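Chain lettering (A, B, C and D) follows the sequence in which the chains are written, and residue indices restart at 1 in each chain.
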Amino acid sequence: MIATILIHCPDQPGIIHSVTGFIHKRGGNVVYLDQHVEKEDRVFFMRLQADFRQDTWEEPSFREAFGKGPATTYAMEWRLYLEDRSRMALFVSKYNHCLYDLLSRYEAGELNATIPFILSNHPDCEPIARQFDIPYYCVPVTPESREKAEARQLELLREHQVDCIVLARYMQIIGPSLIAAYPNRILNIHHSFLPAFAGAKPYHAAFARGVKIIGATSHYVTEELDEGPIIAQDVTPVSHMHTVSDFIAKGRDLEKIVLARAVQLHLHRKTLVYNNKTVIFA
Amino acid sequence: MIATILIHCPDQPGIIHSVTGFIHKRGGNVVYLDQHVEKEDRVFFMRLQADFRQDTWEEPSFREAFGKGPATTYAMEWRLYLEDRSRMALFVSKYNHCLYDLLSRYEAGELNATIPFILSNHPDCEPIARQFDIPYYCVPVTPESREKAEARQLELLREHQVDCIVLARYMQIIGPSLIAAYPNRILNIHHSFLPAFAGAKPYHAAFARGVKIIGATSHYVTEELDEGPIIAQDVTPVSHMHTVSDFIAKGRDLEKIVLARAVQLHLHRKTLVYNNKTVIFA
Amino acid sequence: MIATILIHCPDQPGIIHSVTGFIHKRGGNVVYLDQHVEKEDRVFFMRLQADFRQDTWEEPSFREAFGKGPATTYAMEWRLYLEDRSRMALFVSKYNHCLYDLLSRYEAGELNATIPFILSNHPDCEPIARQFDIPYYCVPVTPESREKAEARQLELLREHQVDCIVLARYMQIIGPSLIAAYPNRILNIHHSFLPAFAGAKPYHAAFARGVKIIGATSHYVTEELDEGPIIAQDVTPVSHMHTVSDFIAKGRDLEKIVLARAVQLHLHRKTLVYNNKTVIFA
Amino acid sequence: MIATILIHCPDQPGIIHSVTGFIHKRGGNVVYLDQHVEKEDRVFFMRLQADFRQDTWEEPSFREAFGKGPATTYAMEWRLYLEDRSRMALFVSKYNHCLYDLLSRYEAGELNATIPFILSNHPDCEPIARQFDIPYYCVPVTPESREKAEARQLELLREHQVDCIVLARYMQIIGPSLIAAYPNRILNIHHSFLPAFAGAKPYHAAFARGVKIIGATSHYVTEELDEGPIIAQDVTPVSHMHTVSDFIAKGRDLEKIVLARAVQLHLHRKTLVYNNKTVIFA
């Protein structure tokens, strides 16, 4: 039984020793430990995986003891995950390259997740959902229906007990109630090298500026559009020979790779958000 | 005798045929030809190199005939270069990594240029200039002395018959009279992936935003700060583990590589500016 | 009507002028021209696209005149393509990531090709073929059945009038009769940065050697295993933290991107093979 | 007082807890900890930095106690470094780009090292040594003088109390007595993406093979030529347009960046060699 623990707390001497001792005493073997100290703010971050082999290990009592023990001593914010799969909803609009990419990884068993449904504001991707035998909900969004749509989205997310949401090129703004319900659990892919070219039509803007490299950025969604904590970025060279269409085509490959990378980091509990930035454990 | 010709003009059928025919007739052999059509604006760009073996070839008569011939027919803007070395001035402040890099390439004979002098607003780099036996002029710049400094700079540039200026981490704004005198011939290195983090302290801004990749950009200097035509860009990955100092250290390597690449492109006449963007020939 | 012409021939003065003149006279407008001279062997390469607007343009007479004209004068090897889609067969074994990637691009209309069938030596990928509604032929290969299998493959390729074959992680050796029938028209993806780690189990070999970067290579298939002309390569960083399984997972992303890039270059007639190397036009 | 400890030993539960406890008890605060478990061989690796603030901390007694304590309990191979600078000798032949790069970093204070001398088998780089005011020894190597040269090299290394050697494009084979005296402390830069193109003239071989990417590799020198543990690698794209000379010019930039990166990792005690591979701590 592998347990993954994510911790952050004010930095002080003895944290690692205390946590590893706690685990040791309960029969655990630390199989992974990565820590980081943000020196400016003196904050300590740790991701630790322990293998508990004893039949006697029980999650509830561990949680309670850890909470009263090291977590209290060091004023930790902490989370404990067992080997459970996340329930991950996909939101799309009309573009299907990120959707296809995630679904083929899903089908190949590469994702530690269950995809209970795909939601879209358009009917276009429904055949793909059918191809992969996943429920598809079309929830159109108009200026008038925005609130109603958001309520319907929340209802679906709750009904399907969704843990996290992946916006696989979903071209609508996510409502505040969703962001509040899924803090640092909504992953977006923005088709630029943020903070360059935030907002709409980044490839057109990149073309107009004459950049020699374009990028894609996956980040957690916050109330500030395209301003959330960055999880992953990547870039590809372009030249004067490329048209906006070429940028878009090259960008598709970037987008799917970067989004998939961020999704994997999230599903493996390798991300920790602090100060609108991410700590990405190795 | 290799002649390099750079052309841009409105696109229309027959330009390549006409130019290559013109060269052919004058005994030239085309050894390089790269062309590009900007489809939106219907502009034609070409870089061509021809080897004129005949003893009879003369630059002035070629210039005159080409000017009256194809250049007039197709309303070309064009430039002709022979194998002459550019006279390239280096401007620096206190950071010396780009300076060292360019000077060691210069010393190794990698640059098709002569460096008549190094100019700085500080005395710090003078020992390096001495190491490489190149004249060093210290022209301090204060808010009060700005105009006088600019005049002195222009005087030195003219006196030394400078063709182009490389700002190898020169931390002062270039005055409008220099920009006017050297249009698309002043190369700057900005320590970010433009247009992200234009202006001062880009590494600090990148750190604050929590990006996963940092970059450097070399561009021609125009009146709009950090808005000139981009010549070259490159990037390197960073993570939460890196401090601002790490960003700066990694950035140094990027800056020198990107600036050197841009300098080489410029010196080999491989850049053409149009619409505040560059065409970079292969 | 856009015609694409690929040429290679001994280098000599006047080729570009002659070809562009020939096209000009027949009412064509050159919309793309990229040329390259291999200096050591003095070989000239060119890719040219011309837009023939006149209703009077006819392919057969153009072919005949070009063949007797410039092609003869300059001893050219040349090919002419109109805007027709290639008929491209996919060969796979059990891994499906490249297959999924190509099929989703196909479905999204990104490939200038028709995929008449998928062939495999295993039944595993048949459901994917069904998902995308493409015929699937399972042709098992054993040491005994090798020749018969090859004959069946050839039969299918002819029957479906296939132009080119993509080995999307097909784990069998391609027989000499197929290679002879499809010279420089069989694209393979090898899961290493060739020539490093040719042969079987390259990720295991890369892991054993302790490299810090792994790669993937797409090349045309020749009689020498993994020795054909390289079309595209890309790499991704790895570290001591990665296991062989991590290499394989990272490699999957590389493989699909690199293979797709090579397929696009091939389909857009941007590759020319000479001396077991490729010229890749921009 | 920052102490850096590098450890590797058979993996078993409790190591981190034990070591951090040991440090804690002696008044140290762990400011950095990175660990890795090689799962196949069940080997544990750790790099740890502790800040010992107490005036009572003494290196010799710490060494003794650690040696008798955790190091014995867990059968560790371990090293302890204080904030001392390495004494690093540079070996060069005729190419000067890596030399210039390292010396300019040295001059700028970027290297945590002292460079007591530069050694070469040629006199060519002596003026550069003079520029930077560093002793230069010319020790020519011929088939006959090989042994004598090696003896002279060893003599110089001992006399100058050298800790590590950087082969900054030194084109001679390093003798077995030097390798024995400096195990995993001689850094080489090989101008290819190893294991591709080991041996002489890698750029020529890469050109002949028609690769689309070239690389450089820094590794520790072992008795097997170009087979030592890899520290750092990087690559850059090339195309059919590039000649061997272009490969060499592009390679120079790669070589200096990759070598400098490896040197920094070594000087910061971030490398650990095991099984002819490196663990590179973050």
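Here are a few things to note about the model shown:
Note that a residue touches a chain if its C-beta (ideal position, glycine included) is under 8 Å from a C-beta of that chain, and two chains touch if they have at least 3 such contacts.
Computed from a predicted structure; not experimentally measured.
Following the contact convention of this document, A, B is the list of chains adjacent to both subunit C and subunit D.
Repeating the B-C interface, with the same residue numbers in over half of the contact pairs, is the pair A-D out of A-D, C-D or A-B.
The mean-CA centres of subunit A and subunit C are about 36 angstrom from one another, to the nearest whole unit. If you average the CA atoms of subunit A and of subunit B, the two centres end up 42 Å from each other. Each of the following residues of subunit C touches two or more other chains: 239, 241, 282.
Against subunit D, the residues of subunit B that register as touching in their complex are 96-97, 100-101, 104-105, 107-108, 110, 131-132, 239, 241, 249, 252-253, 257, 260, 282. Considering their complex, residues 13-14, 16-17, 20-21, 24, 28-35, 37, 282 of subunit B touch subunit C. Subunit B contributes residues 36, 38-39, 193-197, 209-213, 215, 229-235, 239-241, 243, 275-280 to its touches with subunit A in the complex.
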